[in-house]
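Structure provided below as structure tokens; questions to follow.
Labels run A, B and C following the written order; every chain starts at residue 1.
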Amino acid sequence: VSIITLTTDFGSGNPEAGLLRGVIWSITPYARIVDLSHDIPPFTVVEGALLLERCTPYFPDGTIHIAVVDPGVGCARRMLAARLGTQYFVGPDNGLLTLMLQKNPADADIVCLDRPEYWLKQVNPVFHGRDIFAPAAAHLAHGVPLSALGSPISDPMMLSLPRPQRTAQGWRGEIIQIDSFGNLAANVTHEQILELGLAEVFIAGQHIPNIVHTFGDRQPGDLTAMIDGSGHLSICVVNGSAQTRLNCRPGEPVEVKKI
Amino acid sequence: VSIITLTTDFGSGNPEAGLLRGVIWSITPYARIVDLSHDIPPFTVVEGALLLERCTPYFPDGTIHIAVVDPGVGCARRMLAARLGTQYFVGPDNGLLTLMLQKNPADADIVCLDRPEYWLKQVNPVFHGRDIFAPAAAHLAHGVPLSALGSPISDPMMLSLPRPQRTAQGWRGEIIQIDSFGNLAANVTHEQILELGLAEVFIAGQHIPNIVHTFGDRQPGDLTAMIDGSGHLSICVVNGSAQTRLNCRPGEPVEVKKI
Amino acid sequence: VSIITLTTDFGSGNPEAGLLRGVIWSITPYARIVDLSHDIPPFTVVEGALLLERCTPYFPDGTIHIAVVDPGVGCARRMLAARLGTQYFVGPDNGLLTLMLQKNPADADIVCLDRPEYWLKQVNPVFHGRDIFAPAAAHLAHGVPLSALGSPISDPMMLSLPRPQRTAQGWRGEIIQIDSFGNLAANVTHEQILELGLAEVFIAGQHIPNIVHTFGDRQPGDLTAMIDGSGHLSICVVNGSAQTRLNCRPGEPVEVKKI
């Protein structure tokens, strides 16, 4: 009994995620289907890739991740299904699987979806999520081997994501995501900060003198730096919003310096 | 193992859809339940009817669709359960099933829900979704025949929906739905446009010189006319929002003319 | 096959609820999981407690309710699992289960989650929902006895919630919740109003001369008082929004007087 996850920019209030369930359950009636997010900002492939990186470790072997953030729908971009280690990915070839693939570079099989017998009979050129990706994933969940879904390829599109720069004293990175609490996630990782030992943070003209273990180490209202649930540096305000306090957006520079 | 879909105006962030699941699973523990939308604009029956028309073809035989957009809750309006072809509908008698019924006019059984033994014991007059429609649908999913749920009727309420007018050169219709990408769906269908052969579109003072197959046929930012995933004429901006570009709302007139 | 409900302040569009499903299904693959709400206002424990009170009666015996509205995450607050009558609760010890516990004061077992073998191996100090509460609930659903999850306690934190005051002529209460239709729920219950016989309502300078059975007893646009689906006094506008009409917020005083 497979698990299928959905990551899209369809918008939460819309019926598209329900339609994908109808298509999937028509093919494999017992699949368990879970929404990761339907509120990826429209056409923002990098947000989809970051979300998949963050979420996939918490799903069991065999999980199939459908990701449809697809500004190229109806254009000539390829469509993919992939095995990446013990999990699967189905979606457009636009870089969505970049970070998952970087984790499993040597242990992956990728095919280009070119076998219409595993799609819906009628394919609307602007809704490949419903008409191609959902049925392909459902057939995979139902036991069709990956190799039957299409021809092997070895050159999936990869995103060039902003990476932090090593400086004399530490790292220069940037904010890559902001959650609903207003916490700011930077592209500097726990491992990179551990290299430095004790460190201080500079952002938006503010100085945060150390990186604490958890909210409980500071007082409500304090601007705080810590490691978030996905292993990234997070700038937050205890019981408040760092986004509001600092008036920041993704791309805002962040400096981490060894003390 | 039945599938039950939910279409309501409860609002996505609210617990009502969860409550319906509690009620349904208390009666039929293995039902698979899927949200189509809980963000139908409050009391907008026509939006619910359009959504059901669009979604039901993607669900397998035997699916039960609960629709609760119910401005008359607590008033004297009847409540229905219906078989329409191979699927089922449960909801108020206010026109929600108009479009489903128009597809299956000769192959339908409709009953008025008048058997309280298939409702919750306590019925709150303002929450029939939880107390009547959900349990009725759950009993249907669990094997109770439609005819046991109530007395047959033959005069369900039907909506009078705006239909496009045939003109000398083509069709005069209107925008009926706007999705989260800002694409504008008109009440002119693919079949009606095929009658014309090549066609051009006029909307909000703009002229769109042809109807293309897909986004890929135009450039990002282009105002474009095409056929959407539900078979309707769609006015869109490639990788943008036609709603923002044209400042349109449902009801905006659209002209389609044979070239 | 257990049902697990989720009530959080994670925000609907975010992937956290999906992550909890991944964790739960990794431990107990057949659990049915239902979202009650992920839109509890951040850190608002009282809203979570009210929502659980309202929803739990509609779920079958054995249901496990995970509630994560947790301003103290990462601080020294305890974490709980509890049996309350025939259902279960898992969440922080901050008062979320106050109202459920008041319903079952003599029939409850409560443990403090202090057995890390039932948590994820890596626990992030700011995401106990994913790393502690979800796995603890999943083990409970999978058959681990409550007593194995931690040490018994008898002093869970209880909220002091606003209760209506008895006046010479009736009750003085306040608005405690506003739903997406703009209906205002007060902390005065059906039972308290029945004590009075016929009653009138005063709110925000307006006088409502009686409490009706249902919307159908008044005209569209009428300001109306009735009993809502959770058994509380509700101030509403038929087919409209009382919130907009009266410009009210939670805390607004409400007077109910015997006529």
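One rule holds in what follows: a contact is a pair of C-beta atoms (placed from the backbone, for glycine too) under 8 Å apart; a residue touches a chain by one contact, two chains touch by 3 or more.
On a predicted model such as this, the values are computed, not experimentally measured, just so you know.
Chain A and chain B carry the same sequence, and matching their CA atoms takes a turn of 120 degrees, rounded to a multiple of 5.
By the residue-number overlap criterion, the interface of chain B with chain C counts as different, with under half of its numbers used by both chains. Averaging C-alpha coordinates per chain places the centre of chain B 31 Å away from that of chain C.
Counting partners per residue, chain B has 12 as the residues that reach two or more other chains.
Across the complex, chain B is touched by residues 1, 3, 5, 7, 12, 32, 34-39, 51, 54-55, 58-60, 63, 179-181, 213-217, 226-229, 234, 239 of chain C.
If you check the complex, the residues on chain B that touch chain C are 10-15, 17-19, 21-23, 25-26, 29-30, 42-43, 71-76, 124-127, 130.
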